Structure formats: structure tokens, C-alpha cells
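Listed next: structures, encoded as C-alpha cells.
Shared chain: chain A. Partners: chain B in the first complex, chain C in the second.
And then the complex of A and B:
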């Protein structure tokens, strides 16, 4: 029991140090990729500055987004006006030119070219990925261990494997919960919605329901032997969803990003790998802590039995 | 702050509450779960020590 707790504490400290290091690396060392762009009327000093932009628009109503920008308007008679756009709607647009305000009605507009500055829009939501992906990976790995122990239990009927399988499922539940929580917030940051029924999210949601159903099933069976057998069979069947959820983004069209070889480099890759190793250590620590707790409870029961004799 | 710069920041910082929320949930979840497990482990260890001492005393008496 002591060796279990020692292993757990070593893994806990290692995992804590590594995940903290990965967190600092992700925020202080790794850069932020661009996710689209931001446009402004005037240029400001910013490391995100990409350069000037110009865009030609041929309908007055689309110019409403560019009030305050410098524009060059060409009328249907070929005459040209340059100035700052002060208003624009579907009926007309107004320019402040050097010689005063000019209003052009929509049918008389041939084209308008907007001039401004463009900046890379930092994808801060990508920072969630450094921990969301490792947490999701650990949920898959621990579930694989649970399925392995379930098979071993069904082969040997050794109760130790049932305990290991149940504890593995508990750890899976923790990591599945953290994956869902971080994933929902990433979805909102990246896609602007809290949820989308796309393949990865749908299959992972099914996985979450299966893990919850496992505990509902176990708690609904009173007989210990039947509870262990049902739990083992259910966790093996539920595990089928893990490879489906993992590979589905590679097999059918999905909005969910996929990490590809060479997709990450330098500080981003190192922070990500450190976060993965740290999360493996934390997953192992949590498993060992829970196993230690189960073994302590068994020894307490044994001691009570001895005292009751 | 320059109004244009303010506009750039207002556009690019909209994701921060979600990033902070994700890390907050992640760390809080981990710390609470591990903290509760350690607390239970400590209580069980103390309980076991008392019981084992009682078993040892009884064995000595017999």
C-alpha cells in the first residue's frame, strides 16, 4: 500500500511540475497562430500588422461596415470621388472629401474601393488545445486499460482485475469530464457555438454517456459477481466507441481539427509534448491514489472482521 | 488608449474569458479531485492504524 502511495506521489509531483511547465511554455514561450484577420481604418503600431488592404465593393449596403475608412468611389458616369466614408446604407453613401460632403445614391454607384490596414487575429482559443488534447488522449488510454482489465477479469474471474477495471473507469470518467468541459469552451472560442453535432463531438458525447451508463449499471446490480461480469462486458462493448471517436475525423468530413505530422513546430510542439507527458503522469497518479484507497478499504474490512471474531 | 488600437484589442481578446474558463475548470477539477482523494486516503490510513493497533492488542492478550 505504501509503495502504491509513494508511486502516486512521485507521479503527482512529476505530473504537476510538467503540466505547470507546459502551461508556462504554452503561454509565455509558444507563439499564437493567426485565425483570420482584423481590419481598421488607420494603421496602428502592432506586431500583428500585416500591411495595407484595399477591397472593391459594388453595392452601397456592403459599405456600412467601412464607415470611417478612406474610399475611392466611382460613379456610373465615370466620375471619381476620394474621401472618408461617413455613412452608408442600401440607399446611399456619403463621403467627406477635400471639397466637402458628397452623397451618392445607390443606383449611381459603379464601384467603391476601401483602403485600410489589416492585422492578424490571434487565435487565443488555440491555447486550450495544449491541455484539451492530452486530457482527451488520457481518457482514451485509461479506457483501453479498463477494457484490458475487463478481458482479464472475464478470462480469470480474479476480483483484482475487476477492481482495476472499475478504478480505470473512474479515472476515465474524470478525464472524459475534463475533455468535455475544455472542449465545449474551445468550440465556443473557435466556432462561436457551444456545441455542434459534428462527428468527433457526437461520438465523444456517446462515449461520455457510455462511461456514465457503466456506473449506473454497476450501481443497479446488487450481486457482486454479476455486477463485476456485467461491468466487464459493458466496458468492453463501450470501448468500441474509442477507436471510432479517435479515427472518425480522419475518415469522414469533420470540422474538428486533426493534429498532423509537422503541424506543430518548436516551442508549440515542445509545450504540447510536455503537457502530454505531464498528463500521463497525472492520470497514473490518480489511478494509483484510487487503487491505494481501495486497498486501504479492503484492509480496514479485514481488520474489522478480525476484531468482530 | 488609441481608439483604433482599442478596437483591435476588443476584436482579438474576445476569446480570453473562454481560455481562462477552460484552464480554470481543468485545474480546479484536477486539484479538487486529487485533494479529495488524498484527504480520503489520509482518513483511511488513520482508521487502519487504529484498527491494526486494536488487532495487535487483542492478539497480544490472547
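And then the complex of A and C:
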């Protein structure tokens, strides 16, 4: 009993330190990828300089977006003007050169090259990746353990496996809840909506419902033996959704991002791996702590029955 | 687990069918429930005007009716067995557990198919009158009805056997049944929609959905067949 708690505490501390380290690594060390880029810094709150850009445009109406930029305009006679663009529409464009304002009618425009700066929009929402993905992975792994213990229980009818299976499902519920919560936050940040009926989200939502259904089933069966068997059978059936949910983004078109082999590098990869290890340790710690509590409760029950005799 | 005995299977199926022919309870309750669902559909769609194509939503509405009707039937068929002590007698008799599973699932399948065959023309009459339909692709409809019903009655029989032994029978069945049925339901709606819309594209969509449903049937029926022994014996 004592060793169980010690193991749990070690795992808890280890998991805490590693997850914290991974978050520090993710925020301070790993770079922030760009969500996209803009050409004028005022358009968004947080931007960073990406470098100069130049673009050649040959129709006056497309220049409307670049008022205020430095341009080099070539007329159809081959003459060149350099200066700041002051106005541009379908009919004509005007620029302020060193020797005064020049207006060029649209048909006379051969080409115009715009010079300016490009700014990246840092994708801070991506940081949830270091939390959301490990948590989701652990929810699948713990569910696999629950299904494994369910099979073991049906084979041996040993009550110990039933307890292990139930506790695994409880840990699954915790991680499934965390995955849903972080996923919903990220969806809002990245897609602009709180929820989308998209293959991965839908199958994971079904998984959540199945885990909840497991506890509904268990709580509505009175007979202890029967409760254990029903729980085991249902968790095996429900586990079929796990591979479906995991592989569906790779099988059918989905908005949900997928980590590709070699898609992560350097600090990002290291932070991610550390976060995964930390999260496994945390999952193990939660499992052991809960297990210790359940075993303690069983002992109290046994002691009660002995005292009543 | 010895082999399946055809005689035992037939005897148990016959028992269910004879009981049904005498009382007509399952067909009546499921059929009327399906009819009531149509009334609810009419109310639900009453404010939508004619701004949508009924053929696009017909498949979803149909399977919605089937899934709720089937839950009603599944619950009833197992409640009868339990209340009258029939299930216990079956367990005492020298019958293999898988035979019980296939007999119960077969009975449920027959009743569900009967109700579907009754509902389909009513649904077409109420919601799809005057719509352009492709007879050759509509002829595929029985395939998906059969494949979908096999999955529903197979997994449903297993889950209903669990839920009759719980407090709050209907709610527990719905809670277990609908999430587990989701892949089948989606595939069935896709396939049925393809068959109703028709054309070469519709037929392609039909076979995609059909593939999902058949795949689901194979996996889930094998799992249910393997696990039924534990459930019924517990």
C-alpha cells in the first residue's frame, strides 16, 4: 500500500516537472510558426517582420491595395517613374515622385513593381499542441489499457482486473475531458468556430459519449458481478472507436491537422517528446493515486464486515 | 462453444414469430411509433417552406425513424423474455449461447425489416410525392435497408440484453446504442441518400456508404457474437 503511493508520488513529481519543462521549452525555446502573413503591420495586433517583398503588377486596379507603398512604374513608352503611390483605381494611378506628382492613365501602364515589407502573424494558438496532442494520445493509451483489463477480466473473472479496468476508464474520462476542452479552445483560435462536425471531432465526440455511457451503464446495474461483466463487455465494444478516431484524419479529408513523419524539428520536437513523457507519467500518477484510494476503500469495507460479525 | 444448431435456431425464431403473430404487439407498437415520427417530421419541417430539396434530407429522416423505432422494439423484445422468465428457461435448456444470440437478433431483424417495409411507402407518400426519382437506383434501397438492419439488430440485441438488467432500461439502451451505432447510421444515411438522389454519382455514393455499413456489420457482429456469451450468462 505504501509503495503504491510512493510510486504515484514519484510519477506525479516527474510528470509535473517534465510537463512544466515542456511548456517552458515550447514557449521560450521552440519557435512560433507563422499563421500567415500580412503586408501592413497595422492589420493585426501582434506581428513580426519577415523581410522585404516586391511584387510586379500590370493592371492599375490591382494597385489599389498598395497605396502608400514605394513603387516603380513603367509606362508603355518605356519611361520609368519611382515614388510613393498616392492613389490607384481602375482608370488611373498617381504617384509622388521627387520631381512632383505624376498621374498615369490605366491603358498607359506597362507594369508596376511594389516594394514593401512583409509581416508574419505568429500563431500563438499552435502552442496548445504541446498539451492537447499528448493528452489526446494518453486518453487513447489508457483506453487501450482499460480494454486490455476488460479482456483479462472476462478471461479470468478476477475482481482485481475489474478494479483496474474501472480505474483505467476513470483516467480515460479525465483525459478525454481535457482533450475536448483544449481542442475546443484551439478550434476557436484556429478555425474561428467553437465546434465543427469534422471527422476527427465527430469520432472523438462519440468516444466521449461512449466513455460517459460506460459509467451510466455501470451505475445502473446493481449486481456487482453483472456490473463488472457489462462494464468489461461495453468497454471492449467502445474501444473499436479508438482506432477509427485515430486513423480517420489519415483516411478521409479532414481539417484536423496531422503530424507527419519528420514534420517537427529541433526544439519543437524535443519539447513535444518531453511533454509526451511527462503526460504519460501524469496519467500513471493519476491512475495509481486513484487505485490506492479504491484499494483503501475496499479494505475499509472488509474491515467493516469483519467488525459487524 | 459448439457449432450452431439449425434446429434450435429455427425453434427459437418460431417461438418469437408465433408470439408476435398472436399478440401483434411489436409490429403494432413499432409501426405506430414510426407513423408518429412522421407527424413530428411534418411539424419540424413546417416552417422550412419549400426552400430545400426533400430528397436531400429524406435519407436522414428515414434512418432517424428507423433507429428510434428499433430501440423501442429491441427494448420490448428483451423485456418480454425477462419478465416472463423465458430467458432463464433458455439458459437452463441445453442450447449454445450463440444460438440464443442469433435467434434473438434474427427475430429482431425480421420485425425491424417488416416495420421498415411498412414505413417506407408511407414516408414516400407523405414527403417525397412528385419528386423526381431514379427507379434503377431506388432498386438498390433494399440492400442498404438489409445491411443497416442487420447491424442494428445484431448490436442492438447485445446492448438490449444488457440494458434490461439495469435500472432505467430505455435510457441506458439509448445511451449505449446511439454512440455505438454512429458509424453505421452515417454510412446508411450516405448510401440511402445516394440511392434516392440517383444517377451515376448517386450510385457511386451508395456503394461507398454500403461499404462502410458492411464493414461495420462484419466487425460489430463478430464482436457481439463473441461477447454475448458473457452478457447472457452474467
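Just so it is clear, the second predicted complex is superposed on the first by the 235 of 309 C-alpha atoms of A that agree within 3 Å, B and C clash if a C-alpha of one lies under 4 Å from a C-alpha of the other, contacts with A are read in each partner's own complex, and residues count from 1 in each chain.
Definition applied: a contact is a pair of C-beta atoms (placed from the backbone, for glycine too) under 8 Å apart; a residue touches a chain by one contact, two chains touch by 3 or more.
Quantities reported herein were computed from a predicted structural model and do not represent experimental measurements.
S.K.: May I ask you to decide whether A:111 touches chain B, chain C, both, or neither, giving the answer as first, second, both or neither?
M.R.: A:111 contacts neither chain B nor chain C.
S.K.: Which chain, chain B or chain C, ends up touching more residues of chain A in the combined arrangement?
M.R.: The partner with more contacted residues on chain A is B.
S.K.: Applying the touch criterion given at the start, work out whether A:286 contacts chain B, chain C, both or neither, answering first, second, both or neither.
M.R.: first
S.K.: A:6 contacts which: chain B (first), chain C (second), both, neither?
M.R.: The answer is neither, since A:6 touches no partner chain.
S.K.: Thinking of the overlay built on chain A, is A:189 touched by chain B (first), by chain C (second), by both, or by neither?
M.R.: It touches chain B, and chain C stays clear.
S.K.: Which partner does A:135 reach: the first (chain B), the second (chain C), both, or neither?
M.R.: After superposing on A, A:135 lies in contact with chain B but is clear of chain C.
S.K.: Regarding the shared-chain residue A:79, is it in contact with chain B (first), chain C (second), both, or neither?
M.R.: Neither partner.
S.K.: Looking at the overlay, does A:103 come into contact with chain B only (first), chain C only (second), both, or neither?
M.R.: So A:103 meets neither chain B nor chain C here.
S.K.: Need the overlap of the two footprints on chain A, from chain B and from chain C, as residue ranges.
M.R.: none
S.K.: Which of the residues in chain A come into contact with chain B in the complex?
M.R.: 5, 12, 23, 38, 40-42, 44-46, 48, 119, 121-125, 127-128, 131-132, 135, 174, 177-178, 181-182, 185-186, 188-189, 282, 285-286, 289-290, 292-293, 296-297, 299-300, 303-304, 306-307
S.K.: Along chain A, where are the residues that touch chain C in the complex?
M.R.: 154, 202, 206, 209-210, 212-213, 216-217, 220-223, 225-226, 229-230, 232-234, 236-238, 240-241, 244
S.K.: Touching chain A in the complex: which residues of chain C?
M.R.: Residue list for chain C touching chain A: 155, 158, 162-163, 165-168, 171-172, 175-176, 178-180, 182-183, 219-220, 223-224, 227, 230-231, 234.
S.K.: For the complex, which residues does chain B have touching chain A?
M.R.: Going through chain B, the ones touching chain A are 2, 4-5, 7-8, 11-13, 15-16, 18-19, 21-23, 25-26, 29-30, 33-34, 37-38, 40-41, 44-45, 47-48, 51-52, 54-55, 58.
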